[in-house]
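In the two complexes below, chain A is the common chain; its partner is chain B in one and chain C in the other.
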Partner chain A sequence: MKDKSIRWGLPILLILIALPAVVQDTFFLRVITEAIMWIGLALAFDVLAGYTGYLNFGHGAFFGLGAYTTAILMMQAHWPFALALPMGGVLAGVGALVAGLPTLRLKGAYFAIATWALSRAVQQLALIMDITGGPDGMRLPSFLNPQFFYYLMLAIVAVTFALLWFLLECSPFGLKLKAIREDDQGAMALGLNPTKLKMQAFILSAVPTGILGGVYAYWITFIDPASTLGDLVSDQALVMVVFGGMGTLVGPVIGALLIFAFKTLFWAYLSDFQLLYLIILGAVIALSVVFIPNGLWGTLRGLRSHKKSEEKKDESLAAKLPQNEGE
Partner chain B sequence: MAEPILQVNSVTKCFGGLTAVNNVSFEVQQGEIIGLLGPNGAGKTTLFNVISGFYAPTSGTIIFNGKDISGKPPYTLADRGIGRTFQVVKPFAGLTVLENIIIASFLRYPKRKEAERHAWKILENTGLADRADVSAASLTLAGRKRLEIGKALALEPTFLLLDEVVAGLNPTEADKTVELILELKKQGMTILIVEHIMRVIMNISDRLVVLNFGEKIAEGTAAEVARNPLVIEAYLGEAAA
Partner chain C sequence: MELLPQALMDGILLGGIYITIAIAFSLTYGVMHIIDFAVGEWIMFGAFAGYYLNKVTGLDPFLLLPVVFIMFALVGYLIQPVIHRVLSGNKGNPLLMGLVFTFGLAIMFQGIALTVFGFYSNSTPSVFSEGSFFIEKFGLSLTISSIRLAGLVYALAITAALHYLLKKTNFGLGVRALALNRESAGLMGVNGKQTASLVYGLYVGVSAMTGVLIGCILSVSAQMGTEYTIFAFFVVVLAGMGYLAGVPWAALLLGMVQSIFLIYFNPGHTLLAVFAILYIILLISPRGLFGRGV
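Moving on, here comes the complex of A and B:
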């Protein structure tokens, strides 16, 4: 069944394009820019988690790879941002190819652990290498134009959403990934090559994540191994996707918005209790796995289609009644 | 006689110390239905897995349409024309019945629209059309076995492996599936079928191959095989156990 919620896409996009004209407050624009970034990260995470059935705890490493590639190319090789940024995406894609070869053979928890370990290794590398600035991180030239970053982030996430919509919801690719998620042996018997499809999904997940990392680096103007290569990106994307609804494109958007809004409010009013934030994040994921295993969007959609099928049943019953009388 | 569509040449498959299939050879001609018989654990499913590419044979070769396919992966063999069902059914449980068949249809109809059109045809032919929009998880066992056949047929195979697609069904459902198999036979499909229900296997097979403890103990028409003392012993032995 095709999801009709795409028709909301264009109006929402138009509102977002007009937004900076209304919102003059730069703090607020910053918050929205970051919210859009998280939508993109959650969407990319869901390609592998929801559609393909692989929890990638190394998602943050792709983000960091994009951030560092962009920063290094700009600072060491003096590339312009416009060229350095796409290379961030390319390198994240190459990273996915290299990391995917050994890890995509693993299943379930083993894949999660292996990707987590690899991302820790990448973080260690960034800590000891010279070119990355080690633990001190890297500073980028500051380009103080909030509108620019808002529109750039919006454009990248909108294109990512449209691309994923086309590939995962309209073209055969999405169904093929779901077949692998459900039963890879059964999928193989039907002519599908799981290794190839999983690799494509992994790269599709990594490239936008790397590009978002590159934008983030130039926008925030400072990156270090703790902030860009830590666990937070993977963990938070996971919570957003699980809470919003895995295996859909609307779910991660809803999840990202709600979790990010919560995070922002929490940081604004309760910044002394950072540990509490992580505890709540953990509780949210545990509770949503138990009580709404399909996430907010999956649950809502389930209720809606249930109602529709009830209505249909009534209709078909009504259609049959006169015939029964005639018999 | 024309070249056989399938040649199984001295195939052996071991799992560690266990020889599940032991030096088995037989041929299948174009358009034939071969029944594969044998007590539980005889190695029938393992042989299916070797022929369909899920296991590489430990030794021996599988020749399909004149080409050695031993060790080729299942997705390549699906493309070459081998369709199979699983004894332990493998529905894509979280997807609808229609989506299950559409996925199988992509092999011959890579475009979404055409795959869907083809899938509806398969649903009609296998009697699943009225279940198209329900999730595969909610099907009964009979429905799931039907879905297995539907998915295999959606590949438009030239050679079909059916692993206990009748077992576990009630008599009415079983008759429907037998009817479907006979219809496929009429259309000239080549089939290798595993089934325990004698009435079924005797009815539809042109020839039988019997395995016991991984070895081929008999081959021939139903009457020939039924007279074979090794076969009688294998089955009586099982009944006595």
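Moving on, here comes the complex of A and C:
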């Protein structure tokens, strides 16, 4: 598993680092920067949804929390960006702790709706508070350096991916989470503490999301409750993860790239039909649940391992046959 | 203080409507073990069906209720097998997948409604829309609009009908058996698939009918669904999951909270208050107001 990840991960990382030198078009760079951001959001979503089995429909709230924290600290308290950004992550983590305390007691569907309702409440709060600028949103000083944001986004998402890869695929933590997903009573009987582990997963999912929200705020220079706290962030993260493959780290990356590419093309060529995008998004979720419940990556992997096991069967049969003849 | 009796009255009248939604909603949960994210969207589609049928035929929305019920019950009956297929799949995590599926449906429905109906907000006219009763006794004055009273009568009738269906008929016995233990119920001869389809159809039909009434009493708009999904969830969790007898109280409480915020505070803060109450109740007693939930 480990050498495979280095064999694939390192060349991709090198290509991505070299990319701005080759691509001079700022629009294209912007699109790639946002694609990387969505990969990060989908990965963070998958920690809770795919590995722990808890669907967080309020994922967008952490994104907004990070964005607003960074924006408020920069604008009202005049903090430098380098200090305000980590605070966005910290506050998202604290938010996860506070929100997780009651909601993580709920199971399955109830957890999903509770987090969803919570994110609606947070959006309402941002709409009525003075410090957030209400429905008008907030403006940040513009810092026009596409390369800076590209590398910042890349660094955050790469570190997130490496961290998640280490924690979820190469250490017992991932297995513990999966145990809770499959059977939390059984996990408890084996001496695991589901409440603590769920809380850790929740925070692990919230912190990168909050940091990405902070970068987004400074990058786009304008945030309002609809764009950062609205349904769309959670909805898109969900469809990316479900379409790509839940419970894997490669699946969300594939899903994020495909869905984001589709979204960009759709909004570029069919901007008059923005509402149609909502229908397509919903249809993609529903259809991929019915036809590819394991997502693209899960289905592909399933096919490959199926083939391998069949080949093995053939080999073992072939190995047996001559022996029988010998007797 | 003089507004308080009025606020309580409005709360009772409004809360009555939530009872019908929440009972059907938790019934579906009991049988299918799935929470339908699209509950608010069914209400929204029902409200639009009432609005347009009223516009085309000119009939009173109250006369249209059976038509809307049959229409939507059929839709629900036909959709349920797809959900069943998702839930009984052996790939991935079926329960989560069922949830994701209804969530996808909800997004799709919202998109369709916004595309077809636009962003406008309307209201369905009814014979009861205009009149109101004015009561003055013991130094208190109360105004009861007749449409809200009609809504309460409707809610009581539906609740009584559902109660009869559940407790007095063979079908209801099967539903309750399924909710208790699916496998044993199957062994005793309850057709699980058929019953689940019927329950889902019943739930969609009742939600849509209630939507028609909400369209008369409040308003019809393509974005209204989200709010009612949260309300349905609020009532079911507050009542205690799977504890049907708690539903009326929780629904009335929701109605009170809403009307009190409407009169005394900013109505825009209702959702915040609803969530704050939910949060506190879950912290203190995660099994609902009565501690009787699952």
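In the analysis below, the second predicted complex is superposed on the first by the 321 of 327 C-alpha atoms of A that agree within 3 Å, B and C clash if a C-alpha of one lies under 4 Å from a C-alpha of the other, contacts with A are read in each partner's own complex, and residues count from 1 in each chain.
Assume a residue touches a chain if its C-beta (ideal position, glycine included) is under 8 Å from a C-beta of that chain, and two chains touch if they have at least 3 such contacts.
Computed from a predicted model, the values in this text were never measured in an experiment.
Peer 1: Looking at A:R120, would you say it contacts chain B, chain C, both, or neither? Reply first, second, both or neither.
Peer 2: Second partner only, chain C.
Peer 1: For A:V22, using the defined touch cut-off, is the partner it touches chain B, chain C, both, or neither? Pick first, second, both or neither.
Peer 2: Neither partner.
Peer 1: Between chain B and chain C, whom does A:A49 touch in the aligned arrangement: first, second, both, or neither?
Peer 2: Only chain C is touched by A:A49; chain B is not.
Peer 1: Using the touch criterion from the header, give the chain among chain B and chain C with more contacted residues in chain A.
Peer 2: C
Peer 1: I'd like to know which partner A:M246 touches here: chain B for first, chain C for second, both or neither.
Peer 2: second
Peer 1: With the two complexes superposed on chain A, say which partner A:M188 touches: chain B (first), chain C (second), both, or neither.
Peer 2: first
Peer 1: Is A:A109 touching the first partner chain B, the second partner chain C, both, or neither of them?
Peer 2: second
Peer 1: Where does A:A283 make contact in the superposed view: on chain B (first), on chain C (second), on both, or on neither?
Peer 2: second
Peer 1: Please write out, lowest number first, the residues of chain A touched by both chain B and chain C across the two complexes.
Peer 2: 181
Peer 1: In the complex, go through chain C and note every residue touching chain A.
Peer 2: For chain C paired with chain A, touching residues are 29, 34-35, 37, 82, 85-86, 89, 91-97, 99-101, 103-112, 114-115, 226, 229-230, 233-234, 237, 241, 266, 268-269, 271-272, 274-276, 278-279, 282-283, 286.
Peer 1: Along chain A, where are the residues that touch chain C in the complex?
Peer 2: Going through chain A, the ones touching chain C are 49, 53, 55, 57, 101-103, 105-106, 108-110, 112-114, 116-118, 120-121, 124-125, 127-128, 181, 231, 235, 238-239, 242, 246-247, 275-287, 289-290, 293-294, 298.
Peer 1: Sort out for me which residues of chain A touch chain B in the complex.
Peer 2: Chain A reaches chain B through residues 1, 170-172, 175-176, 178-179, 181-183, 185-193.
Peer 1: Could you list, by residue number, the parts of chain B that touch chain A in their complex?
Peer 2: 52, 54, 73-75, 78-79, 83-84, 86, 90-96, 99, 102-104, 106-107, 110-112, 115, 133, 151-152, 154-155
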